[in-house]
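Scroll down for the structure; my scribbles are underneath it.
Letters A, B, C, D, E, F, G and H mark the chains as written, and numbering starts fresh at 1 in each.
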Amino acid sequence: MVGIIMGSDSDLPIMKQAAEVLTELNIPFELTIVSAHRTPQRMFDYAKSAHERGINVIIAGAGGAAHLPGMVASITPLPVVGVPIKSSNSIDGWDSILSILQMPNGIPVATVAVNAAKNAGILAARILGATNPTIQQRMVKYQEDLQKAVEAKIEIVKGDYPNGFDQ
Amino acid sequence: MVGIIMGSDSDLPIMKQAAEVLTELNIPFELTIVSAHRTPQRMFDYAKSAHERGINVIIAGAGGAAHLPGMVASITPLPVVGVPIKSSNSIDGWDSILSILQMPNGIPVATVAVNAAKNAGILAARILGATNPTIQQRMVKYQEDLQKAVEAKIEIVKGDYPNGFDQ
Amino acid sequence: MVGIIMGSDSDLPIMKQAAEVLTELNIPFELTIVSAHRTPQRMFDYAKSAHERGINVIIAGAGGAAHLPGMVASITPLPVVGVPIKSSNSIDGWDSILSILQMPNGIPVATVAVNAAKNAGILAARILGATNPTIQQRMVKYQEDLQKAVEAKIEIVKGDYPNGFDQ
Amino acid sequence: MVGIIMGSDSDLPIMKQAAEVLTELNIPFELTIVSAHRTPQRMFDYAKSAHERGINVIIAGAGGAAHLPGMVASITPLPVVGVPIKSSNSIDGWDSILSILQMPNGIPVATVAVNAAKNAGILAARILGATNPTIQQRMVKYQEDLQKAVEAKIEIVKGDYPNGFDQ
Amino acid sequence: MVGIIMGSDSDLPIMKQAAEVLTELNIPFELTIVSAHRTPQRMFDYAKSAHERGINVIIAGAGGAAHLPGMVASITPLPVVGVPIKSSNSIDGWDSILSILQMPNGIPVATVAVNAAKNAGILAARILGATNPTIQQRMVKYQEDLQKAVEAKIEIVKGDYPNGFDQ
Amino acid sequence: MVGIIMGSDSDLPIMKQAAEVLTELNIPFELTIVSAHRTPQRMFDYAKSAHERGINVIIAGAGGAAHLPGMVASITPLPVVGVPIKSSNSIDGWDSILSILQMPNGIPVATVAVNAAKNAGILAARILGATNPTIQQRMVKYQEDLQKAVEAKIEIVKGDYPNGFDQ
Amino acid sequence: MVGIIMGSDSDLPIMKQAAEVLTELNIPFELTIVSAHRTPQRMFDYAKSAHERGINVIIAGAGGAAHLPGMVASITPLPVVGVPIKSSNSIDGWDSILSILQMPNGIPVATVAVNAAKNAGILAARILGATNPTIQQRMVKYQEDLQKAVEAKIEIVKGDYPNGFDQ
Amino acid sequence: MVGIIMGSDSDLPIMKQAAEVLTELNIPFELTIVSAHRTPQRMFDYAKSAHERGINVIIAGAGGAAHLPGMVASITPLPVVGVPIKSSNSIDGWDSILSILQMPNGIPVATVAVNAAKNAGILAARILGATNPTIQQRMVKYQEDLQKAVEAKIEIVKGDYPNGFDQ
């Protein structure tokens, strides 16, 4: 089970992309709002109990001075995937990236690209697949599908631009 | 009473400058280590009880993904002064600055310059002086002393470089 | 009494958010334009007399090479809250942040996030509350309200995304 | 089994910290050099076969235009932890961070802080612990040890700076 | 023959400007999609065989963590021109620039400005012209045409702003 | 007469390079310390009276949140040359550059490179030479001397590396 | 006489603001296009002859890798004011700023803020006024007018926000 | 024949690495100093005549506001490889990179990594090899040698860290 949390409902349009890709990969998840700054006790309780409630991976997204992923990682023993969000109060995403990425020794956060909630979902799937052959096989298939999607586009582009390599 | 906290004892050489200037300004303080990431429960308890224990201002210093000042500010109703520290795991201080400065609406941190623990102490004194004429008067005096120190240097420089303005 | 000043009337749409939150928190303020670069004498006079006129905290907002907060802080003994404004002549706010934040030893400015005039107002309230239990209690209440607002959103999100934690 | 790879033997002083923390956590690993740019075929073969050879997590470190973590992630279905290295040819680590972090949709890399190979090892342990209670329990213990180390330092600091909170 | 490749069809509106300028300069090219992350084997094969298929210069464009130009350069002995693309998942182009530019010793990429596919085409022409007097002469002519276009604009501006230099 | 001012005597090792080049160019100057933040009244008086005291150009150097050049420019009608100084409290010079360069409409500062006090002196000479043929002629000569210094180095390098261009 | 030049007619909407403020200040100027990269010989000739044609100050604007101001400064003995332009091919103006500002020792460019052509015009006027009392007096007047414009806005703002300082 | 030029003899320790790798690859070159800012006429003459003197590729290195590569590229029809140098007057190399990379449409510079003169030499060899099978074959061999050097290091590392992949 993957737990998806975010600091504010304004992060939902980005963060639900994690939920969507997990649905597509047939991996169960739950999603809710946990604000490090506005509901610190809730954040504490969520992080403290997650591994006891059957959560295996936590995906946490936040913008600006983004403390949620790192604070949750300091309380839970689970892997935490951090999604820097380029929110309205962010300076081009730099603040979110650095607040999530630059954790001190002992407390890592698995940081993905700015707004890359979809990749956070895929990373959670890879994490579960690390020791689960069925899920790992789904990732192999997912990557093959990415490749096929590109191959379809190659065909389309070949209409306007024939090339010697694909003869 | 000013509470000075920092994420690690490696921050002490910087953070004790806050203690020193408060001593100089005759303002009581206490100082200890509170790590947001390694002692999250302690951080929670410290922030929750500070205003009940007679603390009026909290000075919090941290480096890298610096969550201590913002997390403490989210739990206490007191003014929190944040000191970004250019620690060994910091990218020129940018991560510390942005993690402390870019707090979301509702939870401000009074951020000072990188490594500026001395200024954090002075800011705490100004905050106490906002409603306390004795301390405010000490700040007036402190600024006059800064001016006198510059004036002494002007005299020295005049030895090598006489100038028409100071005739 | 909180004094709110800004370098230009073009900063008013941002800076009036400080006035609004102070109104909401029932804390008296006054607001006017003081330009460090276009009315330097006025800036000087404002800063020199503020603490004698009953001002306890000054909130100063400016964009670009933002000298107003730091210059006022160099003249007044009061705590000065600086608001970096991402004005039309600013490079993504970096110039405003650094001009306000990176003050030399002796002259701190309590810097808040880019455009965070609302947080500047809340910080001024926390500063007044540092030694005033009534205002401090209002801040406790304000933080509880922030929490309740999040809890209401959690309920809404639960409609689409039920989760095991909030059962 | 964790596979630790790096682009050059000059990265070994940093990357062996991942090996050390995994040893400490009693998690088997192997370590070797795989250069995306100088041994692209080796990189390809390593990434293609890793999950079939019993590797569960790959830790990849590289500096400058750091392509190793992302390229390996594009070939393997395993979770890849990327370590940006501030090597001699790096611009303060920014190039390494962005080359590893900003992966396109579909191919995540779990990025940690600059030079944070130790955290990469801990993250690999958390990933294995996500579905393995014994390892997860070791992480709980590891975090408790971090806390105890801070508590020991608190005692030492108390010698010079007694504080009211720890009475 | 110039080979133009890009990581995604979303890069085509930029990258086709390389094709257009090569057409204008009467230099043969082929264009297709090669994704380092989604079709790594195709990338490998393309780079491996390019110089044997009669390609003389490769132009490779990519955004975000842009590994295509550098990976292709690590496999082919041909000069590779890299075009950093400010794609939707890019942080103002910085990630693309640094991922392409900061290659390690031994494997250069000839990097051009952000989105400068047109300049990549011109650079490919200059490369072919380095040892081919006919193409070199076309470049001389191309630069004269640039100059003439500016001279025409000078005439137009002179209407509103007469100047003493052009008398 | 050129007036050279700086915020602190710690800036003197940089700022005296302006004095040295002006001496070399036989242009009179005076030099003193004027701190915007520690001696604001002195700064005000210096700027207000400079043009009446026979100063024609002001060179002002400062580090960190560098307000001296801009504040002086806001009070004097003279051209002000600003020297960003990479002082100990500066973030790689970025804060000094942006605080000096990004002045609002109406109040320009002629900014030179980081630590480029020598260039500030030369710029002051060019400014005086704008309407003074004797000084302008000295600048022509100065540039010829720069050229000759390079030509001497070309000769030395030719010892190890003969080249066809200089035959 | 002020010479205003720019790299391209696309810079005219910005650069004509220099012409407008010089018109307002009654200072003669001429304006034309000089491209360092597309008309290098014209650039050379313009810079070489400017001081002989009666030009006293050159204002040069350019975007991206902005070489025009620095190259002109290397050829002319006149003061050159550089205007970094945030053109379509610029990375938020950083490239233009650094290409203009960071000139080597011996060859200064008087750099103003991004897009600040108006300030470039005012700086040219200050330069001419350095030794010309009539123009200097116009600058004094110009600054008084800036102040009056702010005072008018203060009156308007007082309608909504009465304040104790302006009583 | 490759022409190597640099703005100052202080760039020689970096730039001679281009000469060394060209010597190693048996490709003739000449090397001299050409300063865009101190010897503009020499720069003009060098660039104008290079292709007529038998130069096929120009490598140009410069630091700070680095105009040499772009200015030479604007005058010659040859491919110009630009080397950003992190000289003493550079801000971590950013100014050099952006001044060289961000050239306008029509005038490309083939930019390599900061201080990467060695890669500039290799790129020049690749450019000559684009249409010369003998040189191209040397590049193939050069890349095989890079691979062998890594393989030798793999063997050494295997001493301390045996791994399953290289069994």
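Heads up, the rule we're going with is that contacts are C-beta pairs under 8 Å (C-beta built on N, C-alpha and C of every residue); 3 or more make two chains touch, one makes a residue touch a chain.
For clarity, every value in this text was computed on a predicted model and none was experimentally measured.
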Problem - Intersection of the contact lists for subunit D and subunit G - result: E, H
Exercise for the section: If you tally contacting C-beta pairs, which comes out ahead, A-D or C-G? Let me know. Expected result: A-D
Practice task
Have a look at A-D, B-D or C-F and name the one that copies the E-H interface, over half of its contact pairs being the same.
Solution key: A-D
Handout entry: Equivalent interface positions on subunit D and subunit H, same or different at half
Key = different
Handout entry: Intercentroid distance (Cα basis), subunit C paired with subunit B, Å
Key = 18
Completion exercise
Cα centroid separation, subunit A vs subunit B, in Å, comes to 36
Exercise for the section: Find the geometric centre of each of subunit A and subunit C from their Cα atoms only, then give the gap between the two centres in Å, rounded to an integer. Expected result: 34
Practice task
Going through subunit A residue by residue, note those that touch at least 2 other chains and give them in order.
Solution key: 8, 38, 64-65, 74, 89, 91-92, 94, 101-103, 105-107, 113-114, 116, 143, 146
Problem - Chain-to-chain touches, reported pairwise for every pair that qualifies - result: A-B, A-C, A-D, A-E, B-C, B-D, B-F, C-F, C-G, D-E, D-H, E-G, E-H, F-G, F-H, G-H
Handout entry: Sites on subunit B touched by subunit D in the complex
Key = 3, 8-9, 12, 19, 30-33, 35, 38-39, 42, 46, 49-50, 53-54, 64-65, 89, 91-92
Handout entry: Residues of subunit E defined as touching subunit H within the complex
Key = 51, 56-57, 74, 77-81, 97, 101-103, 105-114, 116, 118-120, 122-123, 126-132, 136-137, 139-140, 142-143, 146
Fill in the blank from the handout: Residue set of subunit C touching subunit A in the complex reads 92-94, 113-116, 143, 146-147, 149-151, 153-154, 156-158, 161-166
Fill in the blank from the handout: Counting only contacts in the complex, subunit F reaches subunit C at residues 7-8, 36-38, 40, 44, 63-65, 67, 70-71, 73-75, 89-91, 94-95, 98-107
